[in-house]
Structures are given as C-alpha cells and as structure tokens.
Amino acid sequence: MSHPPILPLVSDEDASPDVKAVFDDIRATRRSDFVNNFWRALAHDPAQLRRTWESVKAVMAPGALDPLTKELIYIAVSATNNCEYCTYSHTAGARAKGMTDAMLMEVLAVAAKANETNRLANGLRVPVDEAFLPPRA
Amino acid sequence: MSHPPILPLVSDEDASPDVKAVFDDIRATRRSDFVNNFWRALAHDPAQLRRTWESVKAVMAPGALDPLTKELIYIAVSATNNCEYCTYSHTAGARAKGMTDAMLMEVLAVAAKANETNRLANGLRVPVDEAFLPPRA
Amino acid sequence: MSHPPILPLVSDEDASPDVKAVFDDIRATRRSDFVNNFWRALAHDPAQLRRTWESVKAVMAPGALDPLTKELIYIAVSATNNCEYCTYSHTAGARAKGMTDAMLMEVLAVAAKANETNRLANGLRVPVDEAFLPPRA
Amino acid sequence: MSHPPILPLVSDEDASPDVKAVFDDIRATRRSDFVNNFWRALAHDPAQLRRTWESVKAVMAPGALDPLTKELIYIAVSATNNCEYCTYSHTAGARAKGMTDAMLMEVLAVAAKANETNRLANGLRVPVDEAFLPPRA
Amino acid sequence: MSHPPILPLVSDEDASPDVKAVFDDIRATRRSDFVNNFWRALAHDPAQLRRTWESVKAVMAPGALDPLTKELIYIAVSATNNCEYCTYSHTAGARAKGMTDAMLMEVLAVAAKANETNRLANGLRVPVDEAFLPPRA
Amino acid sequence: MSHPPILPLVSDEDASPDVKAVFDDIRATRRSDFVNNFWRALAHDPAQLRRTWESVKAVMAPGALDPLTKELIYIAVSATNNCEYCTYSHTAGARAKGMTDAMLMEVLAVAAKANETNRLANGLRVPVDEAFLPPRA
C-alpha cells in the first residue's frame, strides 16, 4: 500500500463552489464523470487548480499537433523525469486516444535514446555545427 | 567563442577505416555529405561510434511512429535535459522533416507543461488512480 | 558570442496586436519599459505568450509567500535544472526585490545540499518514517 | 508494503560509539528523542554520517535566511528531483516550523512554474539580456 | 504492494522465438538461468530488446574499465536520476562483482557530492578556468 | 566570450583571512599553487567555502575506492546533470590521476547507457525482482 498524499484528496462533497466549477468543466471537456486524483490534490488551492486546468486544457487541445502526439510527448517527458503518477495517467490517456503497445515502445525507445545521446554530447562538450544554427536576426 | 570539445573532433583525414565506414553509412543513410560533430567526437571509440549510430538509426527509422514525431519527442527530451547541442541539432533535423514554427512552439509548450505537472504530482505525492492502472497479469 | 536563439526575438515593431497587448501588460505590471528576451521568444505563439505570462504573474504575486521568497525558490529550481537564462534573470529579479549576496549564497547552499541528500536517500532507498506520513483521510 | 532499504537501518542498540555521538547531537539539536531513518541508513559510514549531519545542521541554521524559508527551498528542490523520502520529511519539517497548507501550495506552484519556464528558455535557447548580466570584474 | 507494470512481463512460455533467443543469450552470458524483469518488459518489442541487450552487454564488458567500476558508475547515475528499479538491480549486480558496503557508501557519497557541487557551479555560473580547457585542435 | 559569473571571483588580494586559510589548504593538499575558479566563487561565504572544501577533500580521498575511480564517478554525474564547469574541471582532474581517452569514452558510454535504461525502467514501471531485494532486517 502506497503512502498517503501530502494533502488529502478533495471529494465532490468537500469541494467549494470554485473547485466544483473546475471539476464540472473537467467532466464536460472530457465527457466523463471521472475526475482524477491530480485535480483533487490541487483543489487545496482553487485558483491554482483553475489556472493549471485551463492551461493543460489549452496546451493539450488540437493545434499544429494532434492530441495523441501531445500525449506521446507527455509520456516521454514523464519517463525522463520519473514521475510515477504522470507515467500511469498519460499512458492511460494516450491509449484512450489510440496509442498501441508498439507506439508506446517506440516513444520510450526514442525518449531513452535521447537521454543517452544528451549525455554523450554534454560529457564531450560537442560544439554545435554551424549548419544547425539558425540565422542571426 | 565557446570552449573546445573535451576530445578533438575527428576529421575525414584522421578517420580510421572503422570510423570511415560509419561516416560513409551516415552519409548514405542521410543522402548528404555532411557528418555532424556529434559523430566526429564519438569517433574516438570506433566501437561506441558504430553502436550508437546503429541504434540511433534503428530507433529513428519509420515504424509505429513516423520520423517527424520521433524528432519532436527528441526535442522535448533534450529541452527537459537542457542539452544545447541536441536542442540545436534535433530542431534542425525536425525542420528538415517538415516541422513548422507553430509545431515547435507546441512541442515546447507540452514538454514544459509536463515538466510543471510532473513536479506538482511528485510534490503532493498524488496516489495513482485505480482507473489508470493496467490490469495485473 | 553565444549562439542565436532557435527562433528570432520579436521586437516591438514586429509585435502583432495580441503580442503587443501582453508586452504592454508586462510593462504596466513591472512599471518598467523593459521587456526581456524570454517573452520576445515566446511571442512566436501569442496564445502561449499570454498564457505563460498570466500564470507567471499570478504565481509570483504576493500571497501566502512574499515575492522575494518566491524568487529565491525560482533560483533554487533553476540552479537544480541548470537553466542559464533563468539563473541570470531570476538572480537579477531577486536582487531587485532585496536579495543580498549573503542570501544568494544561502539559497544556493540549501539547494545544493538538497540535491546532495536527495541522492543519498534515493540511492539507499530509505523508507519514509511513519512519523512523517500525513494521516490517511 | 514498500521495498526494504539497500542497507539495513542502524538501531540505537547497533550504533557504534561514533554513530551514537551523532545520534545524540541530532537529538540535542532538535530537542527530540526521534532520529529519523535517513541518519540510520547513513550510519553505515560513521564519518559520512557525521560530515553530512554537520553540514546539514550548518546549512539549515538561521542566517541570512530563516529556517522556514530554507525548508521551503528544500521542498522545492526535492519535488523537482522527485525524492519521495525528502518530500515527506521536509514537508513535515516545514510544518513543524510553521508552514501552512496555503504556503505549501504556493511553494509547489513556484517550483512547478520554474520547471516549466526553465524548459521554454532552454528549448528556445533564449539569449541572456544584457540587463541581467552582472558587471564584469 | 506496488503497482503493476505498464505492459505485462513476458514469461518464457509467451516468448516469441526472437525474444527467446535474446533470453538465451542473457542466460549464456551471465551463466545463470535468471532473466530479470527489465528484459521481460522490453520483450514487447523484440528488436528493441535485442538492441538494448546487445549494447548493454558491449558497454558493460571489460575494457579500459573493469566491470565492477562500470557497475559503480551505473549506481551513481541511477541514484542521480532516482530510478528505483536500476538502483536495486545494479546494487545487486555490483555486489555480485565484489562491491562491499564500504564501497557502496563511497559511491553514493561521491555521487551526492557531485550533485551538490554541480548546482553551486551552475547557480554561480562559474567560468571554466583556462587551465582546464583542452587545447584547441 | 562567456557571461560573467553571478558574483565576482575572489582574488588572493581580496581574500579575507578565513578565505586565505582555505586557499592555503587547497594549495597544500594539491601541492600546487593553483586555486580554481569554483573556490574563488564560493569565497563570498567563507563558512560555506570551508565546509564545501572540507567535505570534498574527505569524500575524494583514498578509501574503499581509489581517487581515480571517484573522479570517474564525478564525471558521470556531471555529464548526467550537464554541469559544464564540472565536466571540464573533473575531466582535467581525472586526467591528472591517470585517466586515458579510452577510459573517458567508457565512462561516458556507461553513464549514457544508464541514462537510457533508467528511462526504460521508469517508463514501463518495471517491478523490482525479488532476487534483487535486500533481506528485510
């Protein structure tokens, strides 16, 4: 059994009107009654809850990149930072958007390879090739 | 002017036959005469050069994910780890595969947002929702 | 001379009305004509610029913690992540809010010590003491 | 049930005189009989135990910054590095020094925001503004 | 009880011929019938399993550094990144190659000290001494 | 030309007696007149300078591990964290203790490989094998 959270999760019953409004928007946006623990922990600061939810909603919306690609990027960063909660939640989120096992294995292969070559480049202090530099303004 | 690399870059003239063979494969694979500095630094250990190149080539090849998506993931991880060389080189690589400015801004927005929420989840020790857990085998 | 940014900085002349509105709010909030490079780089995505600025403004405003304490935390995290830009910019920001050299040296001493003991705890997999666990809900 | 530590925790009964002397100083300094697991794990190397305890005691003592501010910085770094032990122990330590729930939520908001903007600055390779640079000696 | 893995572990019975061949090489190389969970998780992508195993085998083989020293470096990096699995598995691997408790405590002391001084150098932006720079090619 | 340090480096002329005493011990310990920039930056807080120097001296001294092995670990961690100063200074330090180019290439290969497999283990949430767990006390 894992340890309890630092602050207790806020249930629907204990939610203030400000918190309830955000929970309602989460439900409406996702077309699901489920509000996951991350938001219930953040609910101890209703303004932070709203700010974080609004920005996540905007960042993850379809744009120049589709929502599945964005979830894959989230998984890659969460594996790099070793966030257990985010690894499980965004893997589930990506699956709901169509990620297959083969895609997951490739996301992790690329993320892991980047973590490897990042350290080779840093450890050898490789100078950036002129060909890679953007033009100076 | 930035600092010199830890080990000098290996030029075509100084390349041993083993190194030259890898450089040739880089050129053939990319259909370009250009061999960038990362490989010229790794060339001090020809076996490591070959191993790293072969694995990067395999990981970045088209598969369940297309090469552009893989470059975007590389950028996200490199920004997370703050690898200057990798940020410049993979941004250039992604552009060559079709990445627009708008796509780059979204990759970084997602990567940065993941870095933010990873720390909120970790700092509050949010328990993983049962709904996100894979079935036990 | 350092490398050019990945995307050119957006000058006042090149700013779209949406970008200009954010720049104006930065100036009004800080009571200064100066808009630093971070915002000029983000301006390539006006929605992201606004979102990031609004959230930074809210997070760094006086609340349960005063603005100077918040700048000190920003410095500690930026040193941990090795963000050169953020180290210079938030050190300057903290000084403007009253940070002395002695305070800076202590911020870095604490941040560095946390980075040290974090790895001792992780490397030895020290179990969390019952006395430190929050009560279960 | 979590995994056992890499090395067993050293109990009072098993403590060598050198270890016992450090445990006694921990108790005297904190005016509490409690010696937490971190020190009991480090006790496998008595010289390292003493060195680490002496430096933590010195770094966390009142100085240009007060002890509560130092605990807040410790929390921010520990959340950034994802050290479970340190997150629980320093959250408890900060509470004992007066940290409220509202303060904790703000510490994490600032730490998380720094983690976000660090990656935007790194990913875009934003050049440091001249205005932020210290004068050259 | 810890959470289930993201993808189920591949048992000997479920292993495809490609996977079985890698498992057999792991057993032959280590002269042991034991195939640990890391490889059973990677087995969902047989090409990635083979590539990762072949490169780990090559990197960890005796060379300019002996295998025990390589395991110590693995422990230091895994503690730095806070990889629970890798901390336990490489500590066990190092012990099998002769690591004593005293050696483990010193590895972690050095790794932790590097994590500390890395942040002091970064936070103060200490310029690299000319004496430390390699000669320019 | 790189940016100036956050605080000016303390020259021998400007060193207080407390700082001078540490500089003298650095010189005596290393049998060299050279005091590198790291210590000159830390000298703004003489107590922190002494504490950091004393602990680095103790941690890096011969013990269960020899000084060269310790330098290799320092390089591996510094490459992982991307500390430019530490990469250059500890590479120079390791060379002075006998590190060859071949050894350096292997240190970085192991460190990079650990960075890669750490993320595969984290991203797949691989459960720790019972065989790797230490006995419960």
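For this structure, a couple of remarks:
To keep things simple, chains are lettered A, B, C, D, E and F as they appear, and every chain counts its residues starting from 1.
Here is the rule we go by: contacts are C-beta pairs under 8 Å (C-beta built on N, C-alpha and C of every residue); 3 or more make two chains touch, one makes a residue touch a chain.
These numbers come from a predicted model, not from an experiment.
Common neighbours of chain C and chain F under the contact definition above: A, B, D, E.
When every chain is reduced to the mean of its CA atoms, the largest separation from chain C belongs to E. Interface comparison, A-E versus A-F: the pair with the greater number of contacting C-beta pairs is A-F. Comparing the CA-atom centres of all chains against that of chain D, the greatest distance is found for B.
One simple way to say how far apart two chains are is to compare their mean CA positions; for chain B and chain E this gives 20 Å.
Averaged C-alpha coordinates give centres for chain B and chain F that are 26 Å from one another. Centroids built from CA atoms put chain D at 33 Å from chain B.
Residues of chain B found to touch two or more other chains are 1-7, 9, 55, 59, 78, 80-84, 87-88, 91, 102, 105-107, 109, 111, 113, 115-120, 122-125, 128, 133. Viewed as a contact network, the protein chains are fully connected, with every chain touching every other. Those residues of chain E that touch chain A in the complex are listed here as 1-3, 6-7, 44-45, 48, 81-83. Contact residues of chain C toward chain F in the complex are 1-2, 82, 84, 87-88, 91, 101-102, 104-106, 109. Against chain D, the residues of chain C that register as touching in their complex are 2-7, 9, 34, 36-38, 41-42, 52, 55-56, 59-60, 63-65, 69-70, 72-74, 76-78, 80-81, 83-86, 88-92, 100, 102-103, 105-107, 109-111, 113-118, 120-129, 131-133. Contacts from chain D toward chain F in the complex involve residues 3-9, 47, 51, 55, 58-59, 128, 133-137.
Looking at the complex, you find that chain B touches chain D at residues 75, 78-80, 82, 84, 87-88, 107-109, 111-113, 115-120, 122-125.
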